[in-house]
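Listed after this line are the structures, all set down as structure tokens.
The following pair of complexes shares a single chain, chain A, combined with chain B in the former and chain C in the latter.
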Partner chain A sequence: MCARAGSLGDGRPMPRLSVREMSFAAIIVVALAAALPFFVSDYVLGVLTPGFYIAVFAMAWDLLFGFANEVNFGPTFLIGLGAYAAGIIDNRLGWAIWLCVAAGTAAAVAGGLVLALPALRVRGPYFGLTTLVAVLILSNLIVVFADLTGGEIGLTVPDVISIDAHANYWIALGFMSASGAILFALSRSPMGLILQASGQDAVQAGALGFNVTKHKLAAFTISAFFSGLAGALYVFYLGAASVGTLVDVTVGVQVIIAAVLGGRRTILGAALGAIFLIGATEALRPLGELATLVVSAVALLIVLFFPNGLIALIARVGGRA
Partner chain B sequence: MTARAGRTIVEVRGLTKRFGGLVAVNDVSFDIRAGEILGLIGPNGSGKSTTMRLIMGVERPSAGTIRIEGEDVAGWAAHRIARRGVGLVFQHSRPLHRQTVIENIKLALLPDSLLQLVADPQVEARARLIADRVGLAGVAERSPNTLPFADLRKLELAKAIARDPRVVLIDEPFAGLARTETAAFSELIRGFRAEGRAVLLVDHNVKSVAALVDRVIAMYLGERVAEGTAEEVMRDPTVRRVYLGGAIETAARPESAFADATSLLQVKDISVFYGKAQALEGVSLHVHEGEFVSVVGLNGAGKTTLFNAISGLVPYAGEILWGGEALRGRSPANIARSGLVQCPETRELFGDMTVRENLDLGGHHLGQGEIADRLAWLFELFPILRDRQRQTAVTLSGGEQQMLAIARALMTRPKLLILDEPTLGLAPVVLEQLSKALERLRRTTSITILLGEQNVTFALPHADRVYVLEHARIVWEGEPARFAAEAGTGYL
Partner chain C sequence: MVALQILIDGFAVSALYALGAIGFTLIFGVSGVLNLSHGALMVAAAVAAWAANGDLLVGNYAGAVFGVGVSLALALLTYAFIVRPIQRSQAIRNEEREIFILTATLLWGIVIQELIAYLYTSNAKTVLPIVEGVVAILGVRTPTNEIFTAVVCWGAIALLWFLVNRTRTGKAVLAASMNPRGVTLLGIELAWIYIAVWAIYGVLAGIAGVLLGMFLGVSSYSVGPLTASAFSIVVLGGLGSVSGSLIAAYVVGYLETLTAYLVSPAYRTIPALLLLVAVMYVRPRGLLGRR
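And now, the complex of A and B:
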């Protein structure tokens, strides 16, 4: 009777942690992470720093998938827009970094709106397909306009935020913590509740007086804002932008795996999943080509046997202890 | 009772809805007044649910006006109509399972705002009051998926109350509820009337809402066919013809005419549960070899569940014997290969394949010569399919698709053919053709048929024996000629 959006991995109910428990755990984790630079090598920091940016990508994605129930197969469309817009402006116009970052974020939000307005009109799998096509178009455009974007070779960004590993680490950690706090608070606010209702049963949400399109569009805009901002900051950490690291579909798939692995509809779980994924890949690097395979296999097993993700797994172990 | 009712709140005029070529609602007009409960009844496909969805704005009308307190809201989006004071209590509840009951009620109390990041403190207090009123106070902190079915329905009511609607639309208010729960639910609905709200109850028959309604409108095939008090509508000749089949000729053969010592199919005391809702309760029936048995029941009575249990598609308690052997533990494919074939209500055709390919698939285990013979016979039975051989199944009309579904089932050479609601969504003229085909099938072959129908006009003429299924139980068994007199009132 109702038009239902597909629900992926909507498995058994998980033991839901209260806001207080989640916030408490998050603060402890962040505090430990902040102390890390005093104990570990720059190499470890160099692994974790990109992990924190990818964590923001994954959290922004979870707001759409976990709450609005819209599968965005193209998170890298938003990330790439933010990163390339910021990078190109820096390269061509030489604006101050914070202005470049603001412009990149604005570009992602604008591009996201252009994509979402028509895409949210279609139901079911078509939203996801539209977002996937958007990524392909963006990577093609980057290659076609090579003199502006650097094409397949990549774009060199003259400025970086800092060359100090510690400074970069703390900036990334601070950015991830602030983004996580905002996204988590939004997800547990009345707006998050309405968004969940809209995602689960649009007909009923409409009958309760909620403008479903408006709420989903808002979620998409917020997701685009954080994806674009993270993408722009990431570019000034990397000092370069390339399709392979920022836009390619495989990058998007990694973001999606991170979010699902960490625990759908938890926001904070997505960050956990991203850091786990990056950390595990790095730890297994001695295995060479096998590393990606092993990490993928582990991710698959977790998704299959613990559909509520790492965060539910931790909650269960914690509850038993 | 109508005298109490106040000013007109809902004014529907000339409401029409077309889905492609199908006219689901045709020029329907009615009013609902403040403090009035109006029943909107009709069999499957009558357009009653579509009418309700049009008022809510879930579907857009093709023509007509819907005035809520004077303002025409036809064609508005649902959320705007909801804000004008219309609420809908859905039949199937899909609450947020990660939230508690009280949080689900709070959701309905929230304004449609993007900027509200902290809920108004009054929301909590109001949610508690509403939970108390519908009898959910004791389970307020529980997750909806731990609640019994009746409490989930109460949660839907609570959400509707939270919006403080002037118009409450309720879809099949008592579906799936036990008798005691029905009483509590009725009391809540009477409460709406006492508060001066306009209430529309949508249901299959008058009987289920008779105790509650001030007035009833009956629909059939998209049109309004009767209006009046519950008693008047039950006496209405058109309504009686629609529900009871009017004067029909039956060609029943007495049960003693079937010589088999043990019946071909015996269903013994079976029960089926879907989660918490009981779909079948101690159902027993038997079908003799060569017999035509109809199971008559409204939507949701349990017909499809019964057939799915026989076909091995749902687990059940009790026993089903096929040719004297228990069917339990055999796979659906194995059961079908043994000659017990179901033609499901959903038809399950391969839409992108041609008519011929669909038929060939049905006969894939037969030899070449046999396929040709079988096809020739089927084309005689359903001549239209011969002309349509090269067309893909999706391009067929509803009636032709149904004929193809039956023909494909017959290709498998079944001993017993189960037909589940073949008339669903078909126009009267198509019913006639289908009815003639069934008659030919019955006269020219020795096939055994078990037919499930809510359309009595269609189910009775061919039947040798009839069972009436109501709320998961068999409530009557007998010859078709005695149906109207003995089982009719329960069916209206």
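And now, the complex of A and C:
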């Protein structure tokens, strides 16, 4: 596990879970999730499937924030680029879905690079603001070029991956598991350690001979790759793209809340947080307008009282048992 | 004619932006906190003024005062229950406090926003203006309310200037923004300074919110855009620089008004955003930033 363990709210050190323990737990959870379609209704699958895509958004965000210590307020810039590029190409040119997804991912990576080069020169709040502004510009452009993007009404995509709820669920689950495994492995690789080091003290990391900018740029690109890929796939699950579901700042806020709620700097925690957030919002739907209020309030309490997130809570309970 | 209209409209809008952003920059300058529940405070003040006037029939003036009071109370609550616990928490590492404060104030803003939407629906609300009627300035018909807005904004900014530069508390606040440790060495309780700053901030945000409610109207959907616009103005002007924020507010206000009149209201915010990106490329610390 990472070089330093955080501590829980009451001052005791956080119980460490080894990589092997975490992988083991993750494999069991994924296996159980894969068997879920045989036991539950399509309604539950319909809630979980978008949750899996949002989980990828959150994990990609955590790589940048948790490890490189850069607050990206604009995860939806990358997600939206991937989603809209893929959707527009499918709509206009009618390419095969996998080609559209590849093009969408490429667009997100390219956009990520354009954003990262100036953004990484500035630090802290300035970086956050630059990424936030990128989202605002993107959503404005989508509205301005309404002929191409569908504007405020949204873009309809003629093709979908599958209309079968089971197939969609498995594709999303498989995609999330694969992305999670890659991102988790990256975060525990030497590159992850260098990112952590540069996040904590960029000057010292540079003095040790690591190229901080290069590593942060790489982290940004990887984050953009997974965000764009997930965004593009999500469009072909939804069959439509709109600013409200993919680009709006509130969507980005949800991704950030998911990652912090689950436990930052853990990658897997981000996925946990996203699924919890989606599940909780759905479970509280009977409350009507109060649902978002309750979810945000609970998230706020977790941030204030359990800053290490859900995954630390689970580790503590697991460590005690 | 249009030029004069742009000049007048832009002045009022910019004054409002300036007042909204100045409290935000003050908090950052003194305690290094970026309060992302800023927009929620402004909207809460406007909706409180609207509700007090509509439901309790207290009249325009009392309604406006009530709105400012609600914003003041919320600002103090934000400091006491969100910001201070995070600043003092043992479980959060120092370099991560900033992001925790950002996340927590963001969530707190959403809680306030949703509460407003639940209690008073998310429909747009217009606070009844204190002064009504229209006057002609060099032939341009201008609502008296617009002049009132500009006057009150500049009055509040002047008062703040007086407070910071001419009173004992204000000087202590100024000193704390330069060197907190030095202030404690002089025997001034830092905790009180922070409370004073948050109180000033609450009043400023409240006045800005109520005026915005009278001028353009607010809804719970305005929370995010209001926070974003204060954030961009403050960064454009240079974080922590009050005069920078004033200049930036006017740049953004006029740029938006020009675009709205000459191009299309739909493109209103785009040039300001592009300018912000350009400033980030060329001069990341903002117009008058210290770092």
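Everything below uses one rule, namely that the second predicted complex is superposed on the first by the 307 of 321 C-alpha atoms of A that agree within 3 Å, B and C clash if a C-alpha of one lies under 4 Å from a C-alpha of the other, contacts with A are read in each partner's own complex, and residues count from 1 in each chain.
Please note the rule applied: a residue touches a chain if its C-beta (ideal position, glycine included) is under 8 Å from a C-beta of that chain, and two chains touch if they have at least 3 such contacts.
No experiment lies behind these values; they were computed from the predicted model shown.
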| field | Simultaneous placement of chain C and chain B on chain A, clash or fit | value | clash
| request: Would you sort A:A167 into first (chain B), second (chain C), both or neither based on which partner it touches? | output: neither
| request: May I ask you to decide whether A:V260 touches chain B, chain C, both, or neither, giving the answer as first, second, both or neither? | output: second
| Of the partners chain B and chain C, which touch A:Q204 in the superposed model: first, second, both, neither? | first
| For A:L99, is the partner it touches chain B (first), chain C (second), both, or none of the two (neither)? | neither
| said: Is A:V143 touching anything from chain B or chain C once the two structures are fitted on A? First, second, both or neither. | reply: second
| What is the contact status of A:V114 with respect to chain B (first) and chain C (second): first, second, both, or neither? | neither
| task | Tell me which of chain B and chain C touches more residues of chain A. | result | C
| query | Which stretch of chain C would you flag for clashing with chain B, going by 183-191, 219-227, 255-263 or 273-281? | reply | 183-191
| message | Can you give me the overlap between the chain B contact set and the chain C contact set on chain A? | response | 200
| note | Listed in rising order, the residues of chain B that touch chain A in the complex are 49, 56-58, 77-79, 82-83, 87-88, 90-92, 94, 96-99, 103, 106-108, 110, 112-114, 116-119, 143, 145, 159, 163
| task | Write out the stretch or stretches of chain A touching chain C in their complex. | result | 6-9, 11, 65, 69, 71, 118-119, 121-122, 124-126, 128-130, 132-134, 136-137, 140, 143-144, 199-200, 249-250, 253, 256-257, 260, 289-290, 292-293, 296-297, 299-300, 303-304, 307-308
| Complex interface listing, chain A residues touching chain B | 1-2, 13-14, 16, 185-186, 189-191, 193-194, 196-197, 200-201, 203-212, 214-215, 218, 265
| task | Could you pull out which chain C residues touch chain A in their complex? | result | 34, 82, 85-86, 89-93, 95-96, 98-100, 102-104, 106-108, 110-111, 114-115, 117-118, 224, 228, 231-232, 235, 239, 266-267, 269-270, 273-274, 276-277, 280-281, 284-285
